[in-house]
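The same subunit A turns up in both complexes below, where it pairs with subunit B and then with subunit C.
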Partner chain A sequence: MESTSTPERILRGIALTLVILFFMFPIFWIFMMSFQTNETILQIPPSLSFTPTLSNYMALITGKLTTAAGTLDIAFMGNLGNSVFLSTASVAVSLLLGVPAAYAFARHKFRGSEDIAFTLLSFRFAPPLLVLLPLTQYFQWLGLSDTYIGLIWVYQLICLPLILWIVRGYFEDISADVEYAYRIAGHSWFATFRKIALPLAGPGIAAAGLLAFIFAWNNFVFALVLASASKQPVTVGALAFVTSSGIQYGQIAAAIVLSIAPTLALALYAQRYLVEGLSLGAVKG
Partner chain B sequence: MSDTALLIENVDKFYGPKGHGVHAVKNLSMNVRKGEIIALLGSSGCGKTSTLRMIAGFEPVSDGTISLAGRQVHLLPPVKRNVAMAFEGYSLYPPLTVRENIAFALKAKRLSQAEVDEKVAYIAKLLEIEDILGRYPSSISGGQQQRASLGRALIRDADLHLLDEPMGQLEPQLRALLRGRIKHYIKERGLTAILVTHDQTEANALADRIAVMEGGVLQQFDTPQKIKERPANLFTGTFVGEPPMNVFEASISGGNGSLSFGLNEGVKLDYQIAAFSPGVQAELTKRRKVVLGIRPYSVRRSADGVKARVAVNQWLGDQTHIAADFAGGTMVLVEHDRTRLAIGEDIGIHLDPSSLHVFDSETGRAISHGKELA
Partner chain C sequence: MTTLQLQNITKRYKSQAVLDDLTLDVADGETLVLFGPSGAGKTVLLRLIAGVIEPDAGKIVIGGEDMTEVDAEHRGIGMAFQNFALFPHMNAFDNIASPLEANRSSAAGIREGVEKVAKLLKIDHVLSHRPKALSNGQKQRTALARALAGSPPVLLLDDPLRNVDAKLRFEMRLELPRLLAKQGATVIYVTQDYKEAMALGDRIAVMSQGRIRQIGTPEDIYNTPADIDIARLFGDPTINLLTVIPKKDASGVYVELSNVRVPLPSMPESVVGKECVLGLRPETIVFTEPSAQGAIPVTVEAETPLNEKTVTLLLTARGREILLSRPAGTPGPSSGPAAIAVNGAAAFLFDKESGARIATPATTTNRNGEAA
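So, the complex of A and B:
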């Protein structure tokens, strides 16, 4: 049995509490704000006692934002839908392209394989704004600007390198002999990939997919430039809360709560895979 | 030949670009008969595992051909070669139990469940893994995984069974027991097997013929007894045999019906020239420099022998290993009784001409073994 002394346990408890406070307080505060009106939010000193209101959530869901200057239409729920669709579709496309590519990079050392893998990673080095200017031009020529396909394509810059490099590390961790053993028992190359490599790398693929989803979800600048209001995700849609008559803190808070809910739920669900997958991919990648 | 199971002809293996890559296997040719057990014996990096992987189809052959059961297979994918293999790293499927792992190898054959169960039970009993059949690979020891992997290979009915270090992780008692059982199993079914090992006891016990490899080159391919008694060159002579062969450089002089080997520090071994066959006499007298090899088991002590000084005297429980300073080198001799020799004590060494292995000092090729030409 491992035994820890009492002071050690207390110190560890304090440290953990501090860390949790540090990371959770903003989320907690935003959660509280989402149930308040602008007046109670902006009151000084701030107070924890208020009568909770659901008006912020109501405004978001009905799409009618009532301000001092009148009623504004906001497309928050549409934005949320866009976010879900764009992120899910981007990750799906990335997985479809990235997992076989990762397998190829892990198993077959062909001429220039390292260079190609590195080039893919280097997509993440370039400042997005620099990439965006020429991209906007091209997209207008190609008729891709303000389309879901165009956005999903650009989102590959975020998702594909991530999935490729994390999953590659995972595939490299699987002993090639396990696959050989399967192949020598009379199975084709593709069956081996499907029945042995994919299931064994499953946790890594799940982790990479989740991480790519979070990154895609949080992306702001690509959609800001390349999409119009009807295609914009929540990150861009949130700008609508900065109105001429002031900033709607209550609605912003409610919008944040709503928009982090899906990723949070997904992350909590897949937490085990995420930690396992990240540590493996990071060390061995 | 109809009884040829495996035919390897002029096979080369390069890793990396030809010319400045690694030349792992050099012009290898060998012929394995149906029902034979062959051991590929050699130190690490000698090309034995590369050879095995080329036969299995995991490494492409750079040059040459491999035929199995009369078909050329070196261009076929592993699926189509009909070989079974036990991997050095076990390579069990983690999500499956040991039982499923072993039964898995039979999947392609579409046997009834009862037949599969019976075969698995039989092989599990043979390998002493009945009690872990329900466990997962991650929860069993290395030795158990190795036996499961061996079982997965042996249960198959393939043209050729490749066993890569099949018993490296087992305890000595179990290894000795399984050696016998596996040999019996293979022979009983008429299977053909190639086993890669660096353990010469294992090679001697299991194999009908041993292929000794070094530096990618096949040094000798013969029965265990021939390899021990008639090593083809200095490498095989010193590599096979425990403790290793004693080796001394010698210069030959002769005349007047005698033949002398002059060793370092003025040590001289004199023999009647009639102790060697005429062919050996002719070969030896035309050379000046040779290398003499003597197996530790054939070295005798006698009072009127050449003087040596005891440096180490070890009683191993069933035999004594004595190392003595002799002619500027060390002469190791093995005796079956416990000898009470003090360190520094002088002994006389007698080397019978029939126990002398003579090798060419430049090429290392064997010239003669005892009385006869190599």
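So, the complex of A and C:
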């Protein structure tokens, strides 16, 4: 380690504090909002002293939203379930397809392999809205609109390129000699893939899976257009809080807290892998 | 019985030929050393034999069977890599066990096999360690043990001593021949260290630029190098090379060094008047009395004792540097003017243009590919 002077350390501390404040404040504020009623939230100037209430969470969990205009049914818990199911299933499918593909791209330079890999990446260049119009049409023809399968399929546009490119970098980082050594020892290529390549790329695969999960979880526009209420994830479901009698900030805040909780927990848990995986993908991409 | 034949192997990367129409026979149980500078194609050749890369042309025959199209796992080969290529997520035991597992041996059989080879290589106490926790020497031995564990009939060792320290290299150089003999396998051993090549090889194949330049026993290569490069690669200190133009008089062919006549009794007359390079092994040059017949005056520049020998750097009257090597402890000047005698019969003459050694009638055999 290089030695750092005292002023340098103080400056660094200040800079870090500022960055943390900048990024953490919205989360903190939303967390506070989720325990307040609409009246206290909208009060000017905003105040940190309030009587915490669990009514927002109660409304979400029971599915009954009480507004000035009466009681509304909301499917928030159903949406949360949809989010978990859609994201998990999408990432699972992406891993199943993407990891072997990434291995193929990393290890076997066949004619057009770079072009195919790039085409897959280019799915992420297209603005989703541009893709959505024709996609809606196709899905109606195919009977895929408003189905989980259809949504999971579309989510591959988000997850597959991500997993493919990050995991590919990881596979390329494994010394080919290590794999050769296992082949020469008498094992088939598939055994080599399973026993050598997969375990060694494990952290990268985990990081890529986690990232893909977060991206899938945060997706809004695909589900908005292609799914009806019963299949919608939380990102779309949150629209229900914009009611005829006003915007239910308290419930929105509570809904946000509940919906970021799983990804936040996952990200915190796998933070190390995530950073490692991202930087590696960047270097080897 | 496992012989190994490579027939007209060619391998290109882009348009660059890494191996160029290479043919090589290795006899059953023989240890053949592939020797050559980096980029000569030695490692590529090993990989072709192992089956992890494919040749563009040519045939690989192992034990009489054409293996060119056979997958690596079915070739019955053990290979130790220069960078060890241990499986980082497995401990030493599992590393060594990998070829035995592929044979579908029983668990007890695997344990027995691993422990036997580990004991032989003195790593039985570190079998539970991951590669990260092993020293370089232990890694090297683990890699070697893994190559040996399956008792493969063909062993490919890619410069296994390259990345270990000098002391261990010296020990292993003594140990390896015994180990390889015990294994009874046909061995191809790649190295860039001529001493290793001389110590281990039944025969040495000298490679450069994708071709085999000379193949023969260590003595052949040392005593009758095919060209200047090979003469320079073998021998420590390096051979003295002096540009000369041979002359001829009534008593035969000779060259002049510092105006002193050095007869070359075995050289053909065709070399007369041609620009040549005279090769003098440092150990064939001796100090002599300045008044003696054929004595060449020199100045002693520096003296370096090297354990069993002493190397002296000399300067001729024309300022050319000459190395002289003599057994340690023998008398000789360590500074000032001196005189040397050169044995013309033990000298090599190389064509300056092509670099090829000019054959003397006594030593015309053992050129490219001919049996030793």
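By our rule, the second predicted complex is superposed on the first by the 282 of 285 C-alpha atoms of A that agree within 3 Å, B and C clash if a C-alpha of one lies under 4 Å from a C-alpha of the other, contacts with A are read in each partner's own complex, and residues count from 1 in each chain.
Throughout what follows, contacts are C-beta pairs under 8 Å (C-beta built on N, C-alpha and C of every residue); 3 or more make two chains touch, one makes a residue touch a chain.
Every value quoted in this text rests on a predicted model; they were computed, and no experiment measured them.
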| item | value |
| --- | --- |
| Clash-or-fit label for the pair subunit B, subunit C on subunit A | clash |
| Subunit B versus subunit C as contact partner of A:V178, first or second or both or neither | both |
| Subunit B versus subunit C as contact partner of A:S188, first or second or both or neither | both |
| Subunit B versus subunit C as contact partner of A:V99, first or second or both or neither | neither |
| Which of subunit B and subunit C A:A227 touches, first, second, both or neither | neither |
| Doubly contacted subunit A residues - partners subunit C and subunit B | 175, 177-178, 180-189, 196, 199-200 |
| Of all residues in subunit C, those that touch subunit A in their complex | 47, 50-52, 71-75, 77-79, 81, 83, 85-89, 98-99, 101-103, 146, 150 |
| Touch list for subunit B against partner subunit A, complex | 56-58, 77-79, 81, 83-85, 87-89, 91-95, 104-105, 107-108, 149, 152, 156 |
| Residues of subunit A that touch subunit B when the two form their complex | 175, 177-178, 180-189, 196, 199-200 |
| Subunit A residues within the subunit C interface of the complex | 175, 177-178, 180-189, 196, 199-200 |
